[in-house]
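Common to both upcoming complexes is chain A, partnered first by chain B, then by chain C.
Let's turn to the complex of A and B:
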């Protein structure tokens, strides 16, 4: 993933900035694209206090969310978190127990699926087995009563966009998994809907094909200028494709932010753990001063200093989250670093471009550190049983209160 | 060697239980009626050895076949049997489709029970079930009593001993043979296909004809053949429920065999019936084959 290098160069936290600070990374093709920050823009999709119950089970709890035109929005979470239910409510396959869904300001809560300006790409692709690729892609257009030659032209266009032109006369079962996936996508965009919904669209593909397909999704989304909403449980996929991510758990949004913010400024232990690797230190606030907080994380251990989150008070229980790539590992005690802990290397994983280190601290806690192998030969490599120092500046850790 | 043995078992079965009886019937159909036991001639005389085969074969002819094609009774009976079978097949399909559809859409945990209910009638003798319909359909039967008590009719309807009763009997008796293949093909349809159709702008009733029905055609064909083929040769139902004007080839065959004791002609009737049904049987086989390929 390109994440680490982009982050390495990032201007991290300025003192006093809360989790809302503008950070780091917007996806390259859309730099400067942030309609959610523009109060003059109105959302294309609005979920308003959506609740969905299945019997006693609450699948979605009071969710409110705005999604803007041309966004590639990801609903991310473990299975059973309510992300698919939310998508299916937008498609019209489920009715919310309470709340409203608006598309471009219009209440669509009571509309049937066939009346909604959205098209969905199904996890199972749901290609019609008795129809050819062309018939599948043209199915939606035929329902609109479009003339035959216009349908043919639109189908041709969609097939060209997804490199399917050679397969037009084939039936779905004569195609490979990757080709079927592209037919499903072509069918979902053929009607030029305002919103395309993608339900785990790449779940059935193997890893290499999946990465290709992710970039293809981004290309299609960009060229068509359509709003895409994707449901996925794969955090890497969500980070790669989306403009914003809503991290969900137990039917609630844990955080809604850009991939960069989600990674660099998670608002909870749940989000920090769900996206990428993280080291967590549990501790207590000793005092807050000048936008920094002093953390006591155990008797007899050097206190940590970190940027204080908003509303942080003394004696509060907090967690310090630290990404492995932000931890520097060295033999000598760093002189001016604010945070430094000694430890012993218990595990080394050499992956070529980077190395993983597991370091055990005096209190038994293990910390993961990551180092890019930028030099070809090093005077002394860090090895098992080596005594080392871990060090990070106060700006790189994230203080979490929940 | 062992493989050869294994393969030969079904062929042996077919030879003993299908081909041999068929050739016996075919041989009788080429004979002449006689007042004897068995009631036809010639019979094969083993004592004359090889030369006997020659005389035996020379006495066989196709006279009976010419006879059944000359007498309009037989042709009418064939035609009427095919018509009755075709109409009842269609009626069975109309009734079975919604039932099978409902079963396929029922909660997964109910489905085995529903299938069980469909095949439950097989636990009672077919003959007894058809007899039971006499009790329902006769003038002072349950159906007439029920309708008269409701005040829908004032005079009892004459249903028993008419062709209508035959339709009712066939539809009732063969319903499971239609429901089961229909259910099997409907149950295989991924529900997300219908969601996809709706999502792409097709209302549910349109989606049924665009997606559900085309995908259930193998089941429709299998069910129709499974009803049409045996219904054409049906004997018990027209005999018990039908009237004197209900003409079906199965009944004609039976009369020819047991009342007239004309074994050669009835054998010829049976052979022709088999030839008539070979066409739908072959079509049925081909449908099954195609379905198996699509399933792969």
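Let's turn to the complex of A and C:
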């Protein structure tokens, strides 16, 4: 992954944290690809003030979102947050209560599913059990009235792309889960739609297969140049595959940004908590000066210093979010540190490449710290009951106002 | 497997004896040499061959078969449509009433069903005959067909239909190319069930029929009133055989379909693991 280097001095590039920990913290897969920043680009999909109610339950609240051509866009959130409803509205299986959906500038809100230029890969794969793999993949082309030999060629192409050529004559029940998943994907891309929708496409696969399938999805998306929209509740999956992520909760977008921004600059406690691990300190702003903010987080506790967010004022209630891998842990009190707190180690988790530490502070709050085991032997290892100091520079904490 | 205790063995023997001794007796007497039904005169198949000369019985059998084929086809189509509406459309105002109305004939006394149909035909001034019997049979066997198809539709993955529509198939094409092939086994067993129901119905047919459309059960019943002949035993034995084959075949198709489905589910699970 050469993109990682582009981050330069970013402290996230934990050395040796390769295979065991899969949280990939790279920004957009194609560096420089950011059509959402380009005002001359028009979106391929636009959700305009979409509201969806099921009886009294509001599944989607006033959502507006632009998705651009060739994007791999992830809708991420816990179950029931409205992400699948949003996808099903784009596919045409649900009608929005109000609002419009546009594809390439054209209003498709009233179109039936079979009239839309989108194809979907279903969570259950929804393969036709009575048809062979070839017939499954060719089904959409047959509906178009494409000539038989053209269908065969296109099916062959899709099967080759997903390494399914050997299974063309089999029925779905004669395939493994991973193979079924690839057939479902092949069927969704066979018609070369402008937009492919993926509803929890890898949910049924085991972890190892899932990671493999994630890279396959990215490869297919890149080679076909299609816009992919994926719905997932798995934050690692969203981080790995997508160019941008919309984090959803209770039918609303909490944040829409690149994986890198979502991780490094979450806009709320909800997002910070949902993506990766985070330590949260609740406190009050004492004062704002020179772009830094001083935080009082309890009587008798040393104040924290952090980069001030925009519009931060004194006495405001805020939360300081701190990623565990950005907390340094040491025996001695660091001499030059803006933020240093003493504590006692209550838990140690050794994972080989990295170690987790749970440190209890004087006020009882527990802080998680993560350290890469870059040296093979250490003079003195940090252990249970050890008194330690936690330290971090003012740039690494994120001050959240909601 | 636990072995039968003597108590279990006795109860099962009593149960089966209760159910099947009369039928067995009828089958045995159909091979009776003697002209007197109740006197055993040795083995013979002569009543089966004399049956072939009995034109009244044969034409009644032909009517019955035609009625059964047409009415069960009609009942299967209507029952399948009703089942789809009940399962697919989900909640709509009056759904409970609607499903109640479809299944009411299941428990309705046949005499009442027959009588009401007769009143309808009379009121509409329809000539009673072949078609009125067909309609009457379709009416009461349709609810059985609906029950059979509905059971299959309940565990049908709706996203398969959505996938077909998503790939560009309008609703009718989706139904013909995807839904129907998948539920075909249950549709076939619904047809077989309706067929057997129509084949052995006496009460409703006697209300709905008219001149020239006497079904076999009616013929048998009217002949029996004049005295049981060994020929009747023979024709009844043939009917028992037909109905048995129909029922066995229907339950076999259903079972095989559900076994295959289970296998497919297992394959999916195993693949996902």
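Please note the rule applied: the second predicted complex is superposed on the first by the 374 of 402 C-alpha atoms of A that agree within 3 Å, B and C clash if a C-alpha of one lies under 4 Å from a C-alpha of the other, contacts with A are read in each partner's own complex, and residues count from 1 in each chain.
Note that in this section contacts are C-beta pairs under 8 Å (C-beta built on N, C-alpha and C of every residue); 3 or more make two chains touch, one makes a residue touch a chain.
All values derive from a computational prediction rather than experimental measurement.
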With the two structures overlaid on chain A, would chain B and chain C clash, or do they fit side by side? clash
So in the superposed three-chain picture, is A:129 touching just chain B, just chain C, both, or none of them (first/second/both/neither)? both
Now for A:205: first (chain B), second (chain C), both, or neither, which partner does it touch? second
Of the partners chain B and chain C, which touch A:299 in the superposed model: first, second, both, neither? neither
For A:147, decide between first (touching chain B), second (touching chain C), both and neither. neither
With both structures superposed, pick whichever of chain B and chain C touches the larger number of chain A residues. C
Tell me which partner A:32 touches in the superposition: chain B (first), chain C (second), both or neither. neither
For A:176, using the defined touch cut-off, is the partner it touches chain B, chain C, both, or neither? Pick first, second, both or neither. second
Where on chain A do the contacts from chain B and from chain C line up? 91-93, 112-114, 118-120, 122-124, 126-130, 139-140, 143-144, 173, 187, 191
What part of chain C is in contact with chain A in the complex they form? 157, 159-160, 162-170, 173, 177-178, 181-182, 260, 263-264, 267-273
Residues of chain B that touch chain A when the two form their complex: 190, 192-193, 195-203, 206, 210-211, 214-215, 294
Quick one: which bits of chain A touch chain B in the complex? Just the residue numbers, please. 91-93, 112-114, 118-120, 122-124, 126-130, 139-140, 143-144, 173, 187, 191
Contacts from chain A onto chain C in the complex sit at residues 91-93, 112-114, 118-120, 122-124, 126-130, 139-140, 143-144, 172-180, 187, 191, 204-206
